[in-house]
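To start, the structure itself, in structure tokens.
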Amino acid sequence: MKKLEALIRPERLEPVMEGLRSLGYPGATITEVKGHGKQKGVTHMWRGAGYRLEFLPKVKLEVVVLDEDLQRVINAVVKAARTGAIGDGKIFVYEVADAVRIRTGESGFQAI
Amino acid sequence: MRRFIVLAMFLLLMMVLMVTPALAEEAGEAKTPQGIETSLDTVWVLIAAALVFFMQAGFFFLEGGLTRAKNVSNAMLKGAMDFCLGALIFWAVGFALMFGADRGGFLGTGGFFANMADPQWNGLPLYVFLFFQIAFAGAAATILAGGIAERFKFGAYCIATVTITGLIYPVVGHWIWAEGGWLYRLGMLDFAGSTVVHTVGGICALVGAWMVGPRAGKYDPDGTPRAIPGHNIPMAALGTFILWLGWYGFNPGSTLKASPAIATVAMTTTLAASAGGAVAMFLTWARYGKPDVSMSMNGILAGLVAVTAGCAYVSMVSAFAIGLVAGVLVVFAVEFVDRRLRVDDPVGAVSVHAVNGIWGTIAVGLFAQASYGEANGVAAVNGLFFGGGVAQLGKQLLGIVSVSAWVAVTATLMFLALKKTVGIRVSEESQRVGLDVSEHNLEAYPDFQPAVAEKGGM
Amino acid sequence: MRRFIVLAMFLLLMMVLMVTPALAEEAGEAKTPQGIETSLDTVWVLIAAALVFFMQAGFFFLEGGLTRAKNVSNAMLKGAMDFCLGALIFWAVGFALMFGADRGGFLGTGGFFANMADPQWNGLPLYVFLFFQIAFAGAAATILAGGIAERFKFGAYCIATVTITGLIYPVVGHWIWAEGGWLYRLGMLDFAGSTVVHTVGGICALVGAWMVGPRAGKYDPDGTPRAIPGHNIPMAALGTFILWLGWYGFNPGSTLKASPAIATVAMTTTLAASAGGAVAMFLTWARYGKPDVSMSMNGILAGLVAVTAGCAYVSMVSAFAIGLVAGVLVVFAVEFVDRRLRVDDPVGAVSVHAVNGIWGTIAVGLFAQASYGEANGVAAVNGLFFGGGVAQLGKQLLGIVSVSAWVAVTATLMFLALKKTVGIRVSEESQRVGLDVSEHNLEAYPDFQPAVAEKGGM
Amino acid sequence: MRRFIVLAMFLLLMMVLMVTPALAEEAGEAKTPQGIETSLDTVWVLIAAALVFFMQAGFFFLEGGLTRAKNVSNAMLKGAMDFCLGALIFWAVGFALMFGADRGGFLGTGGFFANMADPQWNGLPLYVFLFFQIAFAGAAATILAGGIAERFKFGAYCIATVTITGLIYPVVGHWIWAEGGWLYRLGMLDFAGSTVVHTVGGICALVGAWMVGPRAGKYDPDGTPRAIPGHNIPMAALGTFILWLGWYGFNPGSTLKASPAIATVAMTTTLAASAGGAVAMFLTWARYGKPDVSMSMNGILAGLVAVTAGCAYVSMVSAFAIGLVAGVLVVFAVEFVDRRLRVDDPVGAVSVHAVNGIWGTIAVGLFAQASYGEANGVAAVNGLFFGGGVAQLGKQLLGIVSVSAWVAVTATLMFLALKKTVGIRVSEESQRVGLDVSEHNLEAYPDFQPAVAEKGGM
Amino acid sequence: MKKLEALIRPERLEPVMEGLRSLGYPGATITEVKGHGKQKGVTHMWRGAGYRLEFLPKVKLEVVVLDEDLQRVINAVVKAARTGAIGDGKIFVYEVADAVRIRTGESGFQAI
Amino acid sequence: MKKLEALIRPERLEPVMEGLRSLGYPGATITEVKGHGKQKGVTHMWRGAGYRLEFLPKVKLEVVVLDEDLQRVINAVVKAARTGAIGDGKIFVYEVADAVRIRTGESGFQAI
């Protein structure tokens, strides 16, 4: 099992989820995060003084998948999340040592 | 601190025992035109006073909205308590100093706890006059709150506010509004209090903000100001409009009489506010590239403050012009205070109240027209622009200078004394967690996730 | 539930068909002093009524601010609907029970839908009197909302509120305020309704909160109360100040007449509120180590409730003393209700309205001064502290006991009936997700991330 | 854009120079009954106007609450600026077009900058009449704001609002309210402005919302509407109650005279609002399964709008019936506009103001009773249900049709012109980040974490 | 060392923390996330139009444990978080390469 | 590649980011979390009743780095985040199986 952690633009969440569903992975966890990368922050104004928001809102999407599905899932996420502009985000992949479904106590790949 | 609390409670209790109850005035059978007129005046001034009272909420919402979430409960309690304590002290002491028997033009005496011989004040029931004055005193005192927001000790604030309402403000009020007051006799004109209320409050805010120092993180080591955005713009907008509403009690109510003159005053008030708001909006648009919301709100207030002195002496067009200038002034004043003076004034109290209080007082010397004063039943004077020469302008300037000096000195002494005793500035750690937690053990919005501050200067 | 809705809509429609339209009173050509006086009284009472009406918003903001984000839309709708439904039912029924032709001192009859023979009420246009009374009825009913917040079924609340405005409250109002009422004839004094409005509302809240049981998680198994912090302190602060503003209609407006007396009443109201707020602030500072924001706001309201009965009968100093005691009472009462009675009253409705309504009513028997009553054109009575002996005090106590008994019994029966039929308490699951979702399919703040509750008791 | 700003500032300054100051009216020594009466009328109309002024805050809070957090500062500034700019333009131009010397029943002329020969208006000081009319003009203009919320360019909004207050609205006002106006002479009745204010504002909102197009994401490709929940329900609730409060100035104040008639008007207003709110609540409960909070608030407003035309002509029961129908209408109208017309009206401005403005105007033709009109000192007319036949109804319909046509045409031309020049719709990207950032460089709530939108249609 | 990442119902947080404490793991990090799985979203109403919230609020609890305690911690979490209904959540386990206590600079298992 | 996950005091975020930038790692993701450890919660008051907030606000900073930079990055974070008082936080390190830059589709160390 692998965990795929995608940092994407908030407005791309819906198409990405769509893509995951079509691959049979409806389950996922999302977190609102702020990201900093190549993309420059935005400048706001407050009573005549400018200030930069260095971090921009991103969504972190976590989905645990079976090893054999990994590449397909990555491709689907990349396809749905890409706009081609700076700030599209990244995907990181981690090894998952184990998984447990709390409701049933099942573990391993059955828990996904 | 505990000792201070016990003392305060003791003093409050003392009041009950110390005072002989005043005899209330007789309720005239309101059948005669005379009686009806008194009743009408009472109704009018009472409603005006209630609107001015409600400005407290406008002030604390404006402050709360323009500062950070972690200090908003503190702003609420400051605003509530400066009225509660202020009303008590003004009733007990301030009113007597302001309107008691004159001593040398400088101070009133007698009539503590509103124990005055005459149950009427120029034909108006004494108590409604007192209520109106209490609401005004509350406004003068609460202006300070915005200037020293987010870093001032709550206990010290309570003492400061009591001192302003009980001493600093009533003395100025006596000078300008009491019949024996030296500026009154001289002929300085400040119809509804650009100087008496706003300059007084604004200078207290300036001295306080300067002495307590800037908020942690407000200035870079090299003195560059950093933006500290307010946490709730709608809150500030509602505050502004509550204030504007209250001004329809503040200005027309200052006639202290139901008469057609209040119509004129209401209109000058409306036009100055509108002009101030509109011009601040366009000016920030031109300067910053986009119309600025909080500065436009400040522009409205600047127009209101500026027209307060002259609202019964000037024409519609003059009121409009006064508001225009006020809207321009406030934008530049905010930048000046922030960048040049390096005084940290989170809500613009100095720029709105001190700067425009002064401008409004000067404006009387420029724009007053005898025809208006006469029609409104107040002093008939012509300002510089209407053939009156510089006579009135001189009086206005003298008034501004004297009042500013008095307030600057007494406020400095007051803050110094507080600094030496209870202290005025909370620790950096308190500022970091916020006054709500450090001063009141409370979170204002426990159900919401606060966002980590990650603002950079520019 | 659907059946209940259909029934309600049917009843509403019935009203249209059932009633013969009343003839409106004639608009006197307001040229005579008499005519002007009537117009002036109409203006005054109408504005006072509008301010009292606006207290609804004060109540629902206070409740909403002191409870959790997930129930705030429910608080808004309760507050809006208790007025909408209450106004209709009071117009249709309550007003007749309260001010219709007296039956044995207990109840009025006749004049349903405000169809009264005389288009005037003691010289005041009937409809402005009715409007004023509707606003009062709304206040009496909405007090309940705070006490049973965060766990009461919305449908049951609607029925309860209609019962209070249509029956429980008007009966008490008749006893004390209608000329034929038995307590009125006895000479019990409750100028603006410490008992009629606040004790009635407060006891309804007590019975309701007790019968619906505490919010899930409010008490540990061993009975220790847990803190459930409110979600928005500025909201509660604005609510408090809207209420305070409304009180300037509530108390002085109860003269039902524009006269200099309203000045005195406005000042007693101001001083009691200020004293209540100040003392609650100092007392919580001493007791809890830091000045408590929400309790200070409650202190203000406690002072206002307490002075309501006596505002036209007492001196300034007495009003101040009444407020002081109120501010102390409310702090201890909140703790007592929470820890000893173990009744879960999220906003302190019982402590503010019932406890201080009673205190205020007693205070008339202690502090009344004939000179004030006379000057204000109301009953001239001396209380215990001013040489009047215990006579008046006795009447006040009798009034309190009778009213409390009536309300306790009828409210208990009402809640019992509701419990047996539609039910009054939402499920634990509904409480967990919040009434906004479970009762209204709505989130109040969908754009904000709610924080996970992770509070521990102590 | 910069050019536009410079132009605007230039125009503002021109005003100062262009105008000869008007001589203020003389303040009559208010000793005679006549004088007192004028003072009383002035007080009443001034307070009413102040309440109507405060409705601005009600409008911007309602809009802000029912839309998303990312656009709320924009809503605040729109609401503030349409009043500031509107007051200036109405003073300069609108008032003259509305109440200046009549030209052929279509338009007033003369009296720009309120320079009118007579300092009185039917015995009322001209300036208080002007103040009242300015507040009304502000209300008419700000209705647009809600309909085009979350996607309209701020600069274009400013121009639109000035056009409405300066031209579109005053012409209608002249037709119906000025003595020479053709609909006035015909006998069309619209007491406080169901048509003049609400239908005008509502149709502007309809045209504007239709021409600017729906918010991004509002409609699926197949035309199914998606829900875009508002971000702050308490804000919308407070807005509603501020509006309701303001209506006690709006309707009774339209007597322009302190008289017992205001009592009747206040009660019809109360009953219609209550009925509208109650029925909308029950109806949504029946239709959607649970009582809907924002629709109930809309129901209150619908009742208020609907009774505005007839409040001085109808009985209590009729007012109740008018409110009932309004509450039903608004629920179905919201659905109709959203699903059938596919016009995206975030706050229901069209359904509340246009639909119920029309309904209220028709209702006069149905429910008017001569006995009420007479008693209230206004036109004594019987509607269809009270034996008056269809005569009045015909006049009302003619009025509605003519006004709707005028507004529809002029508003369409205005929005077209704006579209061709400065543009009216912000980009999709601007909508995504929100108008607060894109139009004002500001976040309304920087201290709070916004939640990711993840709503699905159904 | 292993990191245990449990996605649980917000209202089960307290009992779960109780369980961890009793096993000697008072330290933990929680994040408010939104989850999507077998559990269906809820339907809300806005002015007559229904809309689904596809994601439901969950709490992500992260606790790093020694390898030998892993199973016991998993069991404790499952026990405290389970209600038996759909939406009880999942536990994922990851290998931790290293840990550092910032205050002291200690690393490895001493840092936990 | 390694992922460094630092749980730090919110007010130390700026200096930590400063440190990362100077090492050539401007990219990072932050999440607002609540933490529980040795540090005691704070006590608040509500109408006379005290209540403890057991969890304190922390910032979770995630940054994926090349293996060779790991130690230097850890040192920089520790240095910038340390105050010496309880509650300074922890750093956990995880192995990253893969990384993808969504904009370009590049993977592996090029994606960082």
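In order of appearance the chains are A, B, C, D, E and F, and numbering begins at 1 in each one.
Everything that follows uses one rule, which is that contacts are C-beta pairs under 8 Å (C-beta built on N, C-alpha and C of every residue); 3 or more make two chains touch, one makes a residue touch a chain.
Just so it is clear, the model here is predicted, and its values are computed rather than measured.
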item	value
Copies chain A and chain E touch via same or different residues, half shared test	different
Approximate Å spacing (C-alpha centroids) for the pair chain A, chain F	18
Distance between the centres, which are taken as Cα means, of chain C and chain A, whole angstrom	53
Sequence positions of chain E contacting 2 or more other chains	30-32, 34, 43-46, 54-55, 94-95
Junction residues of chain B - those touching two or more other chains	33, 36, 40, 43, 47, 229-230, 232, 288, 290, 292, 294, 440-443, 445, 448-452, 454-455
Chains that touch, pairwise	A-B, A-D, A-E, A-F, B-C, B-D, B-F, C-D, C-E, C-F, D-E, E-F
Residues on chain E engaged by chain D in the complex (per definition of touch)	34, 41, 43-55
Residue ranges of chain F in contact with chain E within the complex	2, 6-8, 31-38, 54-55, 58, 60, 74, 77-78, 81-95
Chain F contact footprint on chain C (complex, rising order)	225-230, 284, 287-288, 290, 292, 294-295, 331, 334-335, 338, 348, 452, 454-458
Touch list for chain C against partner chain E, complex	432, 437, 440-443, 449-454
Touching residues (chain side chain F, partner chain B) in the complex	10-11, 13-14, 30, 32, 42-46, 57, 59
